[in-house]
Each structure stands twice: as C-alpha cells, then as structure tokens.
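Structures given as structure tokens follow.
Across the two complexes that follow, chain A remains constant while its partner is chain B and subsequently chain C.
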Partner chain A sequence: MAGFRRISGRVIVAVLRQLTKLGWLLILPAITLPIWIVGTDRGWLPEQILPCPGDVLHTLRDMIASGELAQHAGYSLRRVALGFAIGAAAGLVVGSAMGLSRRVDDYVRPLFTAIAQVPALAWIPLAMLLLGIGEGLKIVVIAKAAFVPVVMNTSAGIANVPRAFVEVGETFRFTPLQMLRHVVLPGAIPPIFTGLRYGLTHAWIALVSVELLASSEGLGYLLVWGRQMFWLDTVLVAMIVIGVIGFLSDRVLAVVETRLQRWRIDGVR
Partner chain B sequence: MSGSAALGSLGRGLVLPVGLLLTWEVASHSGLVNRQFLPPLEHVGATAWRELASGELLEALAASLRRDLLGFVFGSGAGVLIGLLLGLSTIADRVVMTWFNGLKQIALLAWIPLISLWFGFDEMAKIVFIGLAAAIPVILNLVEGIHATSRKLVEVGDVFRFNRVQFILFVYLPAAMPSLLTGLHLALIYAWLATIGAEYFMAAGPGIGGLIIAGRERFEMDLVMLGILVVGSVGFLVDRGASWLEQRLIPWRAASAQV
Partner chain C sequence: MNVAAQLRTRAFPDQGQGRLEVRNVSKSFVVNGAPVEALRDVSLDVAAGEFVVLLGPSGCGKSTLLRLIAGLEPEFRGSISQDGDAIAGTSLDRGIVFQEPRLFPWATVSQNVALGLKNAPLSERAKREAVAAHIALVGLDGFAQAYPHQLSGGMAQRAAIARGLVNRPRLLLLDEPFGALDALTRARLQVELQRIWAHERITMVLVTHDVDEAVLLGDRVIVLAPRPGRVSRIFAISAPRPRSRTDDDLVRIRNDILRALGDGEEDGSGGTPIGGPA
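== the complex of A and B ==
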C-alpha cells in the first residue's frame, strides 16, 4: 500500500512537471496570437505582409483535404529518399575504403575535400547546365549533399577504432574479414550513424534549395509559387510542413543515435 | 623517411585531380563531349582573366563580401544579445527556447520567399537573411555555453557580491567564450552560404551568386565554373581563418584537447 502510494506520488509529480512545461510553452502563443489576430483584424498589417492565423489554418486544412499538400510532400519525400539512399550508400562504400586503407585515403582525400568544400547550393547551377532541370538533377544534388558527411564520419569512425580493440583481434588471429565483422564495424557504428544523421539533414536542406531553384512540384516549389502569387498563407503552410518534416526525421534519428551511443558505452565498460 | 612518406601521399593525392583535369582537357579538345558542357581549361582560364581584368569579378566579390560581413555583424550581434537573454533568464528560456528550437528546423533557404515578401529584393532583404543565418548558431552555442558554466565559478561571483553586469562580464561570458567562438565560427560559414543563396533568389545588384546565375542563364559554363571556384575558395579561407583565430583566442582549449 505504501509502495503504491509512493509510486502514484511519483507519477503525479511527473505529470505535474510535464503540465508546468506545457504551461510555459503556451505563454508565447498566448501573447503573440491575440496581437496577431487583432492586428490583422484591424488592418494594421496588410494581408500580403501577414495573413491572420485563421487564414493560414484554413489554407492548411484546404490543402490537406484536397490532397494537394500530400502530393507536394510526396514528391519531396520521394526525392529525398532516393537521393539520400544513393548518396549514403556511395558514402558508406567510399568512406569505408578510405577508413580501412591508408593508400585509398591518400588517393581520394584531396579530391573529396575539394568537392566537399563547395556547398551543394553552389553546385546546383552547374548541375542544371549538365543535367537539365529534370528529376536527375534533384537526385544528384541531394545525393551529393548526403554523400559528404557520410564519407567524413565513416572514414574517421573506422580509422579511429581504438588500437586496443584491433590488438585483441590480432591476438585471436582474426582474418581480415573477421576483423572487419567483429572489431572494426561494431566499433565504428556510432560515428557512422552520426554521419547518416547529418547526411539526412543535409539532404533535406539540399532538397529545399533545388526545389526552390528548379522545380514544378514539391514543397520548395510551393514556396516559390506562393511567393509569386503573393499568397502568404501558402508560403507559411509550406514553411511549417518543411519544418515539421525536418524536425520529425531528425528526432527519430536522434533517438536511434542515443540508443547506439548507450550501447557503445556499455560495451566499453 | 617520414618526409618521403609524406611526399608519397601528396603524390597519390594528386593522381585523381590531375587525371580528371587531363581527361577533361582531352575530352573537350577531341570533341567527345560538347564544348558547351565542358569548355577546355584554357577557356575557363581566359574567362577568369577577362573577368579579373575588367574588374567585374572583383566588383562582384567585393559586393558579396560586404553583404556577408554586414549580415554577419548584425546577425551575430543580435545573436549574442538574444543568447545572453535566453542563457541568463530562466523565464525567457522556458518561454522561448522550445519555440526557437522548432523554428530552427525550417531549412534556412525556405525563409527566402517570406523575407523577400517582407523586405523586397534589395540589399536590406539580403542582409536580413544573412543575419538570420548568422544569428541562429550564435544563439544556440552561447546558451549552451552559459548553461554549462561551472557552479564553482558562480559561487566565486557570489562571494565577490557581483552585480548582474559584473556577473555577465567576469563570470558567464569568459566561461562561455569557447562555445561562443564555436557559434561565431559556424555563423561565418552559414553567413557565406546565405550570401550565395540570397544572391541566387534576390538577384539584384552585383555579387558572386548573381554571376553564377547569369552564367547559367546565358549557358556560359566557364563563368559558372569560375563562380563556383570563387565560392569554394572564399568558404575555405573563411573557415581556415576562423579556425586560426579560434586557436589564438583560446589556446587553453587546444591544450586541453590534446590530453
């Protein structure tokens, strides 16, 4: 009975803490939303500068109901998925080769650094001249954006596997393949995953850039289109969706990353 | 021994770039690929020389760097003020921080349509956008640095009966200095990226980004390549310069990192 009371007390404290957190969170909208609503209502701000929150919500609901939003988001997500898959796969191969072999690293590193130094944004016009403005352009630009952080983290992760681990493997007279499977890869997985997470973030940013510059569908195009039509509600809806998808994908990968990190710490102990 | 090993690795590093350039040159001259897609190297060189001699390239670069610097100064200045507020005031932190973290998830370039609706296509709009890009990493890193200030340092301040300003100047800012410098370093990189982005989409006035876009529209591959080369070189120099300054300003971190 006493134990139950203690546990329920702890639950209540936790719930209260979450509620206070939520309360703090609501203060900012509680101040800004009324100002925003009254301001647009009284016409202090023209609609082209800031539409009222009701309009934005209305547009959001309309675009969800008509399937327009899902269609544009679908285009963007498909592009990111394909570009990220290609870029990350190539990055894993090249990064592993560079991490495993000093010689490969010597050959590839300078060229890789030169390519990585120029941001994806600057490559887009060159890629547009070479590839046109079709689907290929988007995939290549996104893949390049994902490729760079994956290579950097994979090669560093593999090259930095603690010397002691490798010595243990040598004591067991592991073959190179066994060494890779039982020593190098497990030791390098956390940094490799960090690289994948950065790669996905960069891929998402590159998608927005390339869709802003050359696209006739997708979330970035929605931004450009709303801008041209002076439909600020559409622009705001597109921004919100871009933010939410970016946030969710980062969150999911962050949770997986902490899991991997914990596993590594336990492993070292 | 190590000298010849270093020379060997340098030689290996040159194989791919030189091979690539040679293939490019041969492909371009033999007519295997369209010259419009891959102009011979000497054409790119001639374009670079022409642009340099006419002063156009330098003018564009100067305009871009001016914007970059103005945006960085305003953005990081605002970032330091906001970061101090969020770092020192628990109330401001609780009320604003979660919303700020959500806002920063919006890819930076997605702000451009909104900013151009609000501020037009002029210098003002570009500098606001570059400032936004610079402010975000400064705020994040400064808040983190202030929160990580050691309890002991704060107690020392209590013993001296520091007032609020003294606390900021003598306790929190020095303690947060390494994080702040990291934030400023990132801000420099983001500001340069934002400069190019702003010039792409708000193509008014001279600038390197505008040069690249013009080259693309007129299908002048050599101009585009020249622009990309300049963007990459400036980014590289800014990054290296910032790293160098960081090491000079806080040598104690470099020392502790070696342990």
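== the complex of A and C ==
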C-alpha cells in the first residue's frame, strides 16, 4: 500500500514535470495566438497581409484534403532526402579522412573552409549557370549545405578521440580497420551525430531557399507562389509545414542517436 | 594446473618465459623546442616470473621506461628484448595496465576484455572461455555485462587487469595501476595482484611512487633517480609470500628505501603508515 503510494507519487511528480515543460513550451504561442486572433478581428492589418487563424486552418485542411500539400511536401522531402544523403555521405568520408590523417587535413582544410564560408544560398547563381534550374541544382545546393557541418564535426570528433584509447588498441595490435571500428568510430559518435543533425537542419533550410529561387513545385515554391497570388493563408500553411517537418526530422535523428548510445543514457540516470 | 595456465599452454605452447633485458636505454623528448632527457643509460634484467617494481619520484622516467618496454614509444637508444627477441612495437605477449583503467565506455566489461583477444589465434569458443575465466580471476563475476560508468574505480581497474591478462602474456606491465584509488581499495587490490601473480606465474613490472606498495609486491625494487632518469639503487626483497605489511623485514627495507630516496628521516611519508617493528 505504502509502496503503491510511493510509486503513484513518483508518477505524479513525473507528470507534473512534463506538464511544466509543456507549459513553458506553450507560453509563446499562448501569447501570440490571442494577439493574432484579436488583431485580425479588429482589422489592425488588412486581411490580405495577415489572414485570421481560422482561415489558415481552413486552407490547411483544404490542402490536405486535395492532396496538394502532400504533393508539394513529397517533392521537398525527396529532394532533401537525396541531397542530405549525398552531402552527409561525402561529409562522413571527407571528415573521417581529415580526422584520421594530419596530412589530408593540412591539404584539404583551407579549401574546405573557403567553400564553407560561402553560404549555400550564394552558390545558387553559379550553380544555376552550370547545372540549369533542374533537380541537379537543388540536390547539389542541399548536399553542400549538409556537407559542411558533417565534415566539421566528423573531423573534429575523430581527431579528438583520446590518445589513451588508441594506445589500448595499439597494445592489442589492432589493424587500422579494427582501430576504426572498435575505437575511433564509437568514440566519435556523439560529435558525428551532432554534425548529422546540423547537416539535416541546414539541408532543410537550403531546400526552402533553392525552391524559393528556382522551382515550380515543393514547399518553398508554395511560399513564393502564395505570396505572388497574395494568398497569405497558403504562405502561412507552407511555413507551418516546413517548421513541423524540420522539427520532426531532427527528433528522429535525436532518437536514433540515443539508441546508438545506450551506454551514455544509462550513465545519466 | 589451474584453468588459466592450461589455456596458456594450449594457446602458446612454445612461447618464451617472460625474461626481460633492458640494455643502455636512453630516451629524450623535445619539449618546447628543447630536448629533455627522460632516461639515461638504463640497464636492468628481469628474470622470468619475477615481480620487479620501478620506484621513484615523479620525473624519474619510470613510466617512460614502462612505455618503452610496452613498445608504445618506438624511438629510443639502446635495446630492449623479451626472451632474447628485440621488442619492436607492441605485442600480445606483453600486457599493460595503465594508471587510468582506460576501459572503452561504449563497451561492457566483457566486451572490453574480449577486445583484447581480437587478434589472438584462438577459436571463438576459446575466446569466450578466456574472457569469462579472466573476469572471474579478478573477481568481477556478475559484472560482465556492466558498463564502465557503472563500476567503482577499484572494479574498473580490476577489469583493466583482466583485459591486460586475457592474452596470456608472459609479461604484464603495470603503470601506477592503483595510484588513483582510495587507500582501502588500493590495499585490497595490492593483495589481489599478489594473488593473481602467484596464480598466473608470469613476469610483472610495476611502476609506482608508493614505497609500501613496492616492498609489499616486489621481488626486487629498482629505485630510479630523476633528471635524467637512471637506476640509483636496487633492493632485493626475499620475504616469503603471501606477504604482510607488518612483516619486520618489509618494514626495515621500506625504511632503507625511504632513506635512499632522501626523505626517510623526516616524516616517514610516502604511503599509508604501517606498524613499526614489534
């Protein structure tokens, strides 16, 4: 009986903690949403510039029902998936090489830094001339955006694996491959995942940018088109969907990360 | 014959005995552009099955010497050989236990120990048996599936010893293995190490700055002097085993060593106080 009470007490505390967390999360929406509702109701801004929340919700429902939203989101997701896969894979290879070899790092880093300093967006004009405005352009720009943070975090993560652990591998006569598999990669997983998460975020941002500039479908295109048509409800729907997908994809990687690092999570408890 | 010794005989039938020869070894490092002499002309012999302690203040190069023997530092002058073969790089026939346990945090105790056998010429089954046998040897039964962060400092160091021994090396090198542990745990692990050494019948070279530890464990204590590191005196300890800290002979040798180190008269420091001659 006492045990049950203690357990239920603990559950209540946990629930309360979750609710407080949720409460903090909702503070900003709780303030802005009423202002939005009152503002549109009183006509502070013309309806063409700021439609009321009800309209946006209505449009959202319509676009989901018609399949239009899914179609645009599908285009965008496919581009990000492909661009991110290419950029992250290349980033893992280049970052690993830089982290493992002093010489490769010396040769590659200046060029890499120079490329990294030019934002993905600024590559679009040049890339457009070279690649046209087809899918190739979008994939390359997205891949570049994902590539940079993956390289930076992978190379730093691998180079920072403690020398002490590498020495243990040496005393066991590990081959280079064994060293990579059993010492270097496990030791570098946290920073590598940080890089992948940044890479995905950057890829998503780059996608919207490139679709804004050169596309006839996708969520970014939906933004431009809505603005040109003065359908601000469509613009807002696109923004919400972009935000939600970005948030969810980051969460997915976060979950994979904790799965791969059980030993760390157990340590926190 | 015990299980561990049987395993070894089966795995390495014509292996050497764990004899060590260090001849005129010198080693310098470059620190801030200037060469620093860590070891100058160090020579010593370790007999097969002997327990030798390298003792000295910090800066005497004792850890450097151990790393040279391990094969972790390829560049030095002079020669080091095990059973007549000059050492070149690390070898599975020389185990090492560092001051920090250096267990891989992402692997369980049993995985950590098993990693030591990656390149051992054993069947998977023999490897599994060896891992279990060595976890039992250091008294960690029941913790095979634990992660390093779930272990106390003493338990982690036990796991590190199991890992150092799992390849059945003829020579085990220990670099201040108990230096970071509390006094009680340290005393217990010293006794454990004595037991393991008797059980395994292999050569051990232990680096320490703890005089009590040195006289408790060593057949010989080699005192090194610093800057540059060199052999200053060698004490042979013939007290019977298993030894007790309060043994008269040990206390006398301990005091001799403290005097040789130059601080014996002042306060008798250098470790846990032990009972004087009865």
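Heads up, the rule we're going with is that the second predicted complex is superposed on the first by the 221 of 269 C-alpha atoms of A that agree within 3 Å, B and C clash if a C-alpha of one lies under 4 Å from a C-alpha of the other, contacts with A are read in each partner's own complex, and residues count from 1 in each chain.
Methods note: a residue touches a chain if its C-beta (ideal position, glycine included) is under 8 Å from a C-beta of that chain, and two chains touch if they have at least 3 such contacts.
Note that the structure is a prediction, hence the values are computed from the model and not measured.
**Student:** According to the stated criteria, A:Q71 is in contact with first (chain B), second (chain C), both, or neither; which is it?
**Tutor:** A:Q71: touches no partner chain.
**Student:** Could you look at A:P186 and tell me whether it touches chain B, chain C, both or neither (first, second, both, neither)?
**Tutor:** It touches chain C, and chain B stays clear.
**Student:** Could you tell me if A:N160 is touching chain B, chain C, both of them or neither one (first, second, both, neither)?
**Tutor:** neither
**Student:** Given the touch rule stated above, what does A:L28 touch, chain B (first), chain C (second), both, or neither?
**Tutor:** Once the two structures are laid over each other on A, A:L28 reaches chain B alone.
**Student:** Just checking: does A:P110 make contact with chain B only, chain C only, both, or neither of them? Give me first, second, both or neither.
**Tutor:** In the superposition, A:P110 contacts chain B only.
**Student:** Going by the contact rule stated at the top, is it chain B or chain C that touches a larger number of residues on chain A?
**Tutor:** Per-residue touch count on chain A favours B.
**Student:** Once the shared chain is lined up, is A:S8 touching chain B (first), chain C (second), both, or neither of them?
**Tutor:** A:S8 sits against neither chain B nor chain C.
**Student:** Once the two structures are superposed, pull the chain A residues common to the chain B and chain C interfaces.
**Tutor:** none
**Student:** Show which residues of chain C lie in contact with chain A when the two form their complex.
**Tutor:** These residues of chain C touch chain A: 70-72, 89-92, 94-96, 98, 100, 102, 104-107, 115-116, 118-119, 147, 149-150, 167.
**Student:** Give every residue of chain A touching chain C within the complex, in rising order.
**Tutor:** 164-165, 167-168, 170-175, 178, 182-183, 186-187, 189, 261, 263-264, 266-267
**Student:** Taking the complex as given, what residues does chain B use to touch chain A?
**Tutor:** 8-9, 12-17, 20, 37, 94-96, 98-99, 102-103, 105-114, 116-118, 193, 196-197, 200-201, 212-213, 215-216, 219, 221, 224-225, 227-228, 231-232, 235-236
**Student:** Using the touch definition up top, name the residues of chain A that touch chain B in the complex.
**Tutor:** It is residues 21, 24-25, 27-28, 48-49, 103, 106-111, 114, 117-119, 121-123, 125-126, 128-130, 204-205, 208-209, 212-213, 220, 223-224, 226-227, 230, 232, 235-236, 238-239, 242-244, 246-247, 250 of chain A that touch chain B.
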